[in-house]
Amino acid sequence: MKSSIGNKIKLSVFGESHGAAVGCLLEGLPAGFKIDFDALLVQMSRRAPGKDKTATTRKEADIPEIISGVLDGVTTGAPLAIIIKNNDTKSHNYDNLRDNPRPSHSDYAASVKFGGYNDIRGGGHFSARLTAPIVAAGAICRQILKEQGITIGGHIQSIGNVCETSFDPVNVTAEQLEGLSSKLFALNNPEAEGLMRKEIEDARLEGDSVGGSVELVALGLPVGLGNPMFYGVENVVANILYGIPAVKGVSFGAGFGYASMRGSQANDQMYYDENGKVKCYTNNCGGITGGITNGMPLLVTVALKPTPSIAKQQKTVNLETGENATLIIEGRHDPCIVPRALPVLEAALSIALLDLLSEEGKL
Amino acid sequence: MKSSIGNKIKLSVFGESHGAAVGCLLEGLPAGFKIDFDALLVQMSRRAPGKDKTATTRKEADIPEIISGVLDGVTTGAPLAIIIKNNDTKSHNYDNLRDNPRPSHSDYAASVKFGGYNDIRGGGHFSARLTAPIVAAGAICRQILKEQGITIGGHIQSIGNVCETSFDPVNVTAEQLEGLSSKLFALNNPEAEGLMRKEIEDARLEGDSVGGSVELVALGLPVGLGNPMFYGVENVVANILYGIPAVKGVSFGAGFGYASMRGSQANDQMYYDENGKVKCYTNNCGGITGGITNGMPLLVTVALKPTPSIAKQQKTVNLETGENATLIIEGRHDPCIVPRALPVLEAALSIALLDLLSEEGKL
Amino acid sequence: MKSSIGNKIKLSVFGESHGAAVGCLLEGLPAGFKIDFDALLVQMSRRAPGKDKTATTRKEADIPEIISGVLDGVTTGAPLAIIIKNNDTKSHNYDNLRDNPRPSHSDYAASVKFGGYNDIRGGGHFSARLTAPIVAAGAICRQILKEQGITIGGHIQSIGNVCETSFDPVNVTAEQLEGLSSKLFALNNPEAEGLMRKEIEDARLEGDSVGGSVELVALGLPVGLGNPMFYGVENVVANILYGIPAVKGVSFGAGFGYASMRGSQANDQMYYDENGKVKCYTNNCGGITGGITNGMPLLVTVALKPTPSIAKQQKTVNLETGENATLIIEGRHDPCIVPRALPVLEAALSIALLDLLSEEGKL
Amino acid sequence: MKSSIGNKIKLSVFGESHGAAVGCLLEGLPAGFKIDFDALLVQMSRRAPGKDKTATTRKEADIPEIISGVLDGVTTGAPLAIIIKNNDTKSHNYDNLRDNPRPSHSDYAASVKFGGYNDIRGGGHFSARLTAPIVAAGAICRQILKEQGITIGGHIQSIGNVCETSFDPVNVTAEQLEGLSSKLFALNNPEAEGLMRKEIEDARLEGDSVGGSVELVALGLPVGLGNPMFYGVENVVANILYGIPAVKGVSFGAGFGYASMRGSQANDQMYYDENGKVKCYTNNCGGITGGITNGMPLLVTVALKPTPSIAKQQKTVNLETGENATLIIEGRHDPCIVPRALPVLEAALSIALLDLLSEEGKL
């Protein structure tokens, strides 16, 4: 199994949901960067469960320990090992899952792949808990990006059938992103929150779950970042985002909307702004042409599937008996993963962009 | 610049549109595989321009020469270097583009990245002509997959506002895919062809272009291929597909449709089929759970933007004078890239899957 | 900084000598392997300091905790994170070293590289203590190799001017290697031990240190492992061995002795043995031809420099004042690193070979 | 098979001795570098056979064509594909080798690895002819290094029992290296040439071959290049050098000589020179401490085995009949590969160092 990614900035994730700890290794950071640990905890807190009824009631302390690569809060240039101890695990809830794989979970595929030796307690290495160290690593990368004038942000684009106002692809500002960056329920239009919460609560009450989508932005990237073919911004960003559980679609700028456009509509025509910078009137390309940044905001949209762990009875197979079976999943589960997934996706985007910048010596 | 991808099966693409040749290196193939060169040429032919009015009228012979790694038509285990000589290039058409970058092309971003040293003739290394060697490499990978019982296929899902019948996500067959695999205009419902061609012709007559989308399938993959985090099937496939020009969205199974689903709708419940194989009643996950194949058809949808080279006057900047400018692009261009992009995307998918299989010793 | 290596089996090392812990991540192990933790501790013990006067008197408990990737002592297929907590650190001994870099240590080069932000306490990430997790990781790989019929071993070839009997390059046996595999002072000819210990003690009494060399062997490798050019056995093995502190020379088979040989002397002529296996009369090539194993024992020789930390006064510079200076290094140091380095080098060899085997699907 | 190496500067070699061509791909070069093609041909000429009696009498034109990545002699930033067509191949000489593997050649190991499908004509992909594109690629890298003030050089250290004057490890100059850089028989002490040529001629007249060693130097590297563990200068350099046929030993600075030294002898004590630069009185470490450059000359010694193709009768096996056999190798072979290997090793060193510099953004 490979759980690492990146070239110059390399992230390697380890741990199991009900093991001793989850954590990650973050290699390639510049020496001499002072980490803002409070800002890191804010991001951890956005991902942490147990905040309200939209999420699982499990409590996870989620205080990362950085056990290497940092001295007196400053990076030394050596690899950072980040550890998050596990608590509040109730493994007994999962005992019958080895025989009865949960629909749309990795249980069956993983069981075949690992010959049944994979740790299934709480999802093991497949658990969304593994995203906690990604948030910690991403928070550090995000701070380094910020020092370079690059701002990362995002909002919940939709939950179920409730959509909200998208970012203005041309005029989205760093202030706007900063304002969202510590929110548990990050929205451009706060009025959508009630409708979205209702969508989630309706699902929860029915023992069901609901999907959604998020929009991510990066502002301040230098022009010329990326490559035309296989190490382009889109490749690198999509590659890491598909590492986050529940992600089933990734698009850039107008994305799937491009499919029904004419070129004359779609093309982002150019001009010099008052400061002599090259700008586009529109930003359908989401800040990337030919795999390379063009100076416009980087725009990514991500689709997330509904949490597959639902309380309703489902059909499955019994791998032990070789017969069809039914399953009711016990335990505490997120009726909607989208609000908690947003900071994870922002973190992943931060890691990918820092890798691209480092790789090209643009840090 | 990095133009290579893959771990065990490594593809490295080189060349420029108006240089001596385009080509690629394909490393890691097993020794002893007999290449069907005719089948390879069929795929080249699907991508080749000049076939009809939906594409540019440029003629490209596109006969790949395999200058290493093959002896008497059989792979030796050594790297394959594949060369496609360039002909029929009219470089003078592009002379004014160095100063006036084309909207939504890589011209401006590449000019900044490479300090103006990049070859802009015909798009240079950024040209869609660079997809010709990918088709050649992919055709070989596809043949090796086929020998393993794995079939790759695809169809045009939409052009502009014309959509056609999707694959049946559960019951799509290898025969169906084989039937499409040599088509220039691959459709499940041939009646859509007229409407799609009209959509393209309308755009062309207006000096415009039009986008679209395609759906790709892989059948026969073993259960257990991929990884939960960063070397999952979705990561690897999205990574390579975003290397194909014009791709702006990649999704798997229900993809963006997942965002508005309930878990109870979305989950693919399981059963044993008559042969004792684990199957799902539905296939919203597109054959992948937790990054790993589950034995159902692999389903990928790709959005393609309209060709940015249109005949209409557009606003741009003059990098030489530092003033705003207008531009009319001359030359022969595809009013719609989608039909020619389909075999390229199938080729890329083939390469990615062969890499995954090889990496896991499943070949 | 990059502290990771390997393709399919990936080792990433982290930690600092006087930080919270040292450790490593070991990715890519097969699922279902039962780890013999006692055998692992034997290897840790061979590397641990404080055993006798040949080594530093520091005590390090060196009990590795495997915090992920293992359930009930059996690998799950997920990454193993191995942690070794630090104790008995006396950081105050090192305080004057920031200004006065120690000759032939990395102090000066690292100070320039990391702008002075590197952790210098006890050598930080540059400390030989970082080899402890390599031994732990290597011990696991060695066990997996053994299950495949592959035996790793080694002996001290020389310390200072005392050399001992080399392995018989053709007839060295697994039993012989096993006999050495738990020894603190591994020698083919135990009589050499007294002379070698005297060589070390003489150096120690003079406040000096002494270098040496070791010979490593792998038996039972399949024929056909490796590659002719850049992923050959020699490349991969040399690459990892040069990651072990103090290594300044790596050679295979006759190594530097080849330089003065005639081809007729050097060539390893072949025959069928009584079991129909292809064998060589001699083994100057050390089991590798054209980067690929040929079925004969793999033989590697490694040269190690004397520990640069000596008690004698030395000339250095003062980076603070910009003036020349003298330095006397305090603290507890190994007068000879060779006996403790041997299990580290055996571990590194085990990791490299398991990577090669995994990469080629030969596991 | 993997025939590529490098991170930021990536070299991929392809071709077979008796195929259409040999060549390589060189990725990651900066845009805007003007290649001196004449200087490149000088290096090709140093490696080319047929110059005198020390080498094979085969004639190879060895004029590389750069078919991509260069426009008007200037790099564009896109990958360079370099092709060298094959001529003067006499495949019939090799026909009996499939059954009778040549001692100390890769024939047997490769036959097992590739199931007999490898191209054996002239050694196929294993042929030393594959070093021609490495010289071409390395010559370009060497020119880029020179522009950065970094000079690469080397000399023949020994042939058989004839050794010559080593470089002064502290005071070797760029002028000295430049003086050697176009020589066919590069020596510090030209008087050794006669003795060395006699050593080779003696071997040749007896139908035998002879080994040797070379010493390589890099001057002008910045302090702080490299890493303490697995991407150190020694790892990267040894990794690529072991990709060159016949290399069986690689050491740095005092290398194997370190084994018998005391620390007080071995340590390179430091001082400020008249320009305020940190220097060492000695250079046993060969310019590298802790895997990182310290500003002293980089010194590498490489041992090369005698060419295994000798005219004398040798014992081997017949893979077809399964019986022991004898073999007399026909054809034209180098009685000593050392003079021709030197420019190849210099080229490989140049590629490795440019990769390290690029990777760290120090270019």
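As written, the chain order gives the labels A, B, C and D, with residue 1 at the start of each chain.
The criterion applied here is as follows: contacts are C-beta pairs under 8 Å (C-beta built on N, C-alpha and C of every residue); 3 or more make two chains touch, one makes a residue touch a chain.
On a predicted model such as this, the values are computed, not experimentally measured, just so you know.
Between B-C and B-D, more C-beta contact pairs join the chains of B-D.
Using CA-based centroids throughout, the chain positioned farthest away from subunit C is B. Inter-chain spacing, taken between the CA centroids of subunit B and subunit D, is 39 Å.
Taking each chain's centre as the mean of its C-alpha atoms, subunit C lies 26 Å from subunit D. The mean-CA centres of subunit B and subunit C are about 46 angstrom from one another, to the nearest whole unit. In subunit C, the positions touching at least two other chains are 1-4, 13, 113-114, 125.
Those residues of subunit C that touch subunit B in the complex are listed here as 7-8, 358-359, 361, 363.
Residues 1-4, 10, 12-16, 19-23, 25, 27-28, 31-32, 65, 67-69, 71, 74-81, 83, 113-115, 117-119, 124-125 of subunit C are the ones that touch subunit A when the two sit in their complex.
Residue ranges on subunit D touching subunit C, taken from their complex, read 1-5, 11, 13, 101, 103-110, 112-114, 125-126, 130, 157-158, 160-161, 203, 206, 208-213, 223-232, 234-236, 238-240, 242-243, 245, 247-272, 276, 278, 280-281, 284-286, 288-295, 303-310, 312, 314-317, 322-324.
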